[in-house]
Amino acid sequence: MKFVGKVKLLKKQIINEENFSFIIERKNEMGLVLPGQFFNLSATKVGYPMLKRPISVSEVGENTIEFTIKIIGAGTKAMLDYNEGESIELVGPLGNGFEYYGYRKILVIGGGIGIAPLKGLINSLKKETVEIHSVLGYRDVPYIYEDFKARSEKIEIMSENDDRYRIGYVTEPVASLLEKNSYDMIYVCGPHPMLRSLTDLFNSKGIRAQLLMEEKMACGIGACLVCTCKTKSGDFGFKHSRMCKDGPMFYSDEVIFDE
Amino acid sequence: MKFVGKVKLLKKQIINEENFSFIIERKNEMGLVLPGQFFNLSATKVGYPMLKRPISVSEVGENTIEFTIKIIGAGTKAMLDYNEGESIELVGPLGNGFEYYGYRKILVIGGGIGIAPLKGLINSLKKETVEIHSVLGYRDVPYIYEDFKARSEKIEIMSENDDRYRIGYVTEPVASLLEKNSYDMIYVCGPHPMLRSLTDLFNSKGIRAQLLMEEKMACGIGACLVCTCKTKSGDFGFKHSRMCKDGPMFYSDEVIFDE
Amino acid sequence: MNKLKMKVDLNGLILNNPVTVASGTYGFGREYSELIDLNQIGAISVKGLTLEPREGNEGRRMVETPMGMINSVGLQNPGVHYFIENEIEFLRQFDTKIIANINGNTIEEYCEMARILSAEDVDSIELNISCPNVKNGGLAFGTDSLVVREVVAKVRKASKKHLIVKLSPNVTDIKTIAKIVEEEGADCISLINTMAGMAIDIHGRKPFLRRGSGGLSGPAIKPIALKMVYDVHSVVNIPVLGMGGIANATDALEFILAGASAIAIGTANFSNPYAPIEIKKGIEDYMRHYGEVDINTLIGNLRI
Amino acid sequence: MNKLKMKVDLNGLILNNPVTVASGTYGFGREYSELIDLNQIGAISVKGLTLEPREGNEGRRMVETPMGMINSVGLQNPGVHYFIENEIEFLRQFDTKIIANINGNTIEEYCEMARILSAEDVDSIELNISCPNVKNGGLAFGTDSLVVREVVAKVRKASKKHLIVKLSPNVTDIKTIAKIVEEEGADCISLINTMAGMAIDIHGRKPFLRRGSGGLSGPAIKPIALKMVYDVHSVVNIPVLGMGGIANATDALEFILAGASAIAIGTANFSNPYAPIEIKKGIEDYMRHYGEVDINTLIGNLRI
């Protein structure tokens, strides 16, 4: 079930100079909304930039949905101009989302704004049954980590530049966590180079993770084929999967990173 | 002296479903701002629609300028989305404006949103020295006529559809006013057919008026030549004048209406 | 409310209404069928088919530009045989016409596909002549008059199906090409395909698209498309299926008044999945407003 | 702050910086001189000149389209003699190069204007070959290879001034045209001129422009222009002056990386009179950010 239309912006919250969040009304026609899924949002009321922007759900409430958005270019910058009470045109939920049924011990690894969809994931898991370890990486000052702190048995917060935190990339603590723990599932979302180097690590250890990936999108529903993801097909072949429809979650052992 | 840059929107006022007004800060760099002049306003912060929209000043205060705007298409509709306190990019003042020095008895004739720049004119004339007669025409319910009521010795408010007012076009009362009065100057602003039929009337009587005209504009300063107005040149010739720079005020006996 | 006559006849291909969707923007209809009622669409031109399945170009395949987008999907598709076996039946559930968009590396490939599709349950074949001609140094078939004449003539012979020829806009003189297409027996002309375009990542100092350049579509190209539709309509007698940047009913009506018997929506589906339905309704509203009862009276009805 | 080398050499025409303004969008500089400092602009290409004064087309002359505009000014200008007597001196006050954009109805007119301007204090002549050729049924000079060869060769003979030839984008193969222009002795190629476009008033059921159609400019055409600049740069050895939809420093840098030695700003002046200065500054900021000291190292510097 997919919704196409306008919803009300209930709350806009400025997180820091680069990031903000929207809480919108959740409509019945949207049906189930899963962590890892995304919506395609109009950046402006005047329709410019023209294409909608894919944004993951960072929290799904009973009557609300939260998006956490980083200002990157013209579109995300313009989005910040929506006022509370105004309507935003969107399409969704889209994509496959995370698979998380039945896992009891998981590792979540997020980089930058990639932490947002993982927040939606951990908050939808029952505290009593799932043990969560978290590794969060930031360029500068960390943000939206409170829920991870509250919910994780182990947590490591990294920053490239803020020396109140452990300095470095997420790959280091992940490697040592993998030495000492065995996880039912690993979830990763973050910038391309991070996904790539973690995938190398996972492959070298023969384990697999769920990667939430990104590509420029147009339709967002699988019809136009612009959002390609190179995936394995057979033993030596490849195929071009659709990031928006076959993903954005792919298993790390399916993806071919060749650039 | 022309200003290029951003000014703060101090006040936004909804007049009715179709019309609103903006009061913006007047900057020193703008120099003198005359009634009949206009500014070129950005319709949106995101730069779409691309071209600025020409809007006449409808009042010039010491530290403020007022615009009165009718929603016509995408640009004027988008303008309404500016919030008070935000900045609007604009260029101006532009164009020649009205000539009004030394006249003692004048007639102003406005149609629809064309009444806005005339409001700026009458409010800049000294009550003690100038006698004003006004004819205002509307399609439906009249608006922004209060200043005219307060300031005119004679006033006629016409509507095409609202029978609480005299039903009809402005041409009828104008013809009879012209029978009974002799004016030092006549000022007209309104839709093209109105300007045209009044010009026929003035020409037939051998009198001249100042017309505030409109044409689609790009640069607004006289450089691109897209905003042409056909004017007389010599006894039989014509030339293409620039609406934005040589106008928007033209004398009725200069203009060739040939469409 | 009067009943409006919305049926249009593209020279044998009769559409319930003039609003169709453009090849490559609608897949085989499956994804959009979850969002809108395909019965309301006059015709669906399916994703460009090739003789063999193709994986298309490597990513990145798309970049947005001012009111447009450039794509270089590179004709990723499951091949004509897969289409026949797996997609036609699905589309046939809906009361819409099926246009099979075909793409070849050689004239022989085009003919072969036309022959294969002749026996199948599709309503029309759309010959996309914007493809690079491998025998001719990769220049598009559609840009050389002699090649256009040959490929249209041969495909016409290979199949009796309703035949649409889709023109490339990247030419000096589209009128001449259109006349050749008509002479060689096409039933209908569709235009425009995407325009050659490029965008550069100034930080990476390389084109955004892996292939360097691609095809520009969307509202940005609408004025160019409209002029070409007007020009082509003025020199041929076969009907024109107009497209290029149509995003709302006003745009669609501009094309119809310029001479298009039907219109296609491409890129606008991405920004607004309801575009086909809203545009159909907008055309109807316009007709009612002006007391028009038959869409056919609007076609090419310009006062110049 | 390091001093950046911003001078570029268009094959003899040396500009203080690569940011110029496009013909027809800047008049003769007078109006913009009241808003911005013309000394900061590399060159000004003046309003297209004709041998005799022209009043241009009847209005309406302009319509806005998605991120673009269509104009049909029709070369309104006071004629080359008036320009010489009244405008050159004004422009000479500023430390900017003067490019005289010339337009003819016939090859003879082009040559006559080139001869006249040879003796005058302008820095370059820009031959606009997008004009309709009256001897050739009104088709633009710039769309026929043979005509291009003839007009460039003859103008080259008529004048020793620095000669820029400005190409029309409405062609199948801009590379071939560019090579001819180079062979016949042009010093520099500028491109693109506007693209043929149209917009229709669906309520009046007529084109918005009195002339039916006109030339599309602005960001909408940027991807098309960039591709053409890239293509032309890849086949000629003379410098390229790139334009078409440039509205900010990123756009300008895209053109420079694609191979333009200098760029021109047209339509963007209308939406932002400060565009030339902001773009120049933006290019400088980019150079500082990446530690580039000479703009010339950026020209055509694409990793493909």
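Just so it is clear, A, B, C and D label the chains in written order, and each chain counts residues from 1 on its own.
As a convention for this text, a residue touches a chain if its C-beta (ideal position, glycine included) is under 8 Å from a C-beta of that chain, and two chains touch if they have at least 3 such contacts.
What you see is a predicted model, and the numbers here were worked out from it, not measured in a lab.
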Message: Going by the touch criterion stated earlier, list every chain that contacts subunit B and also contacts subunit C.
response: A, D
Reference subunit A; chain at largest CA-centroid distance: B
- request: Take the average of all CA coordinates in subunit A, do the same for subunit B, and state the distance between these two points in whole angstrom.
  value: 53
Field: Distance between chain centroids, defined by C-alpha means - subunit B, subunit D (Å)
entry: 36
Task: Can you check how far apart subunit C and subunit D are, centre to centre, with Cα atoms defining each centre and the answer in Å?
output: 34
- line: Check: subunit C positions touching at least 2 other chains come out as 67-68, 218-219
Statement: Touching at least 2 other chains, the residues of subunit B are 47-49
Statement: So, in the complex, the side of subunit C touching subunit D is made of residues 65-68, 70, 143, 170-173, 195-200, 202, 204-207, 212-213, 216, 218-224, 226-227, 230, 245, 247, 250, 253-254, 257-258, 286, 301-304
Statement: Within the complex, subunit D is touched by subunit B residues 2, 4, 42, 47-52, 89, 91, 215-230, 238-240, 245
Statement: In their shared complex, subunit B is touched by residues of subunit D numbered 24-27, 30-32, 34-36, 47, 55-56, 58-64, 67-69, 71, 73, 76, 218-219, 267, 269-274
Query: Inside the complex, what are the residues of subunit B that reach subunit A?
result: 44-49, 74, 78, 81, 83
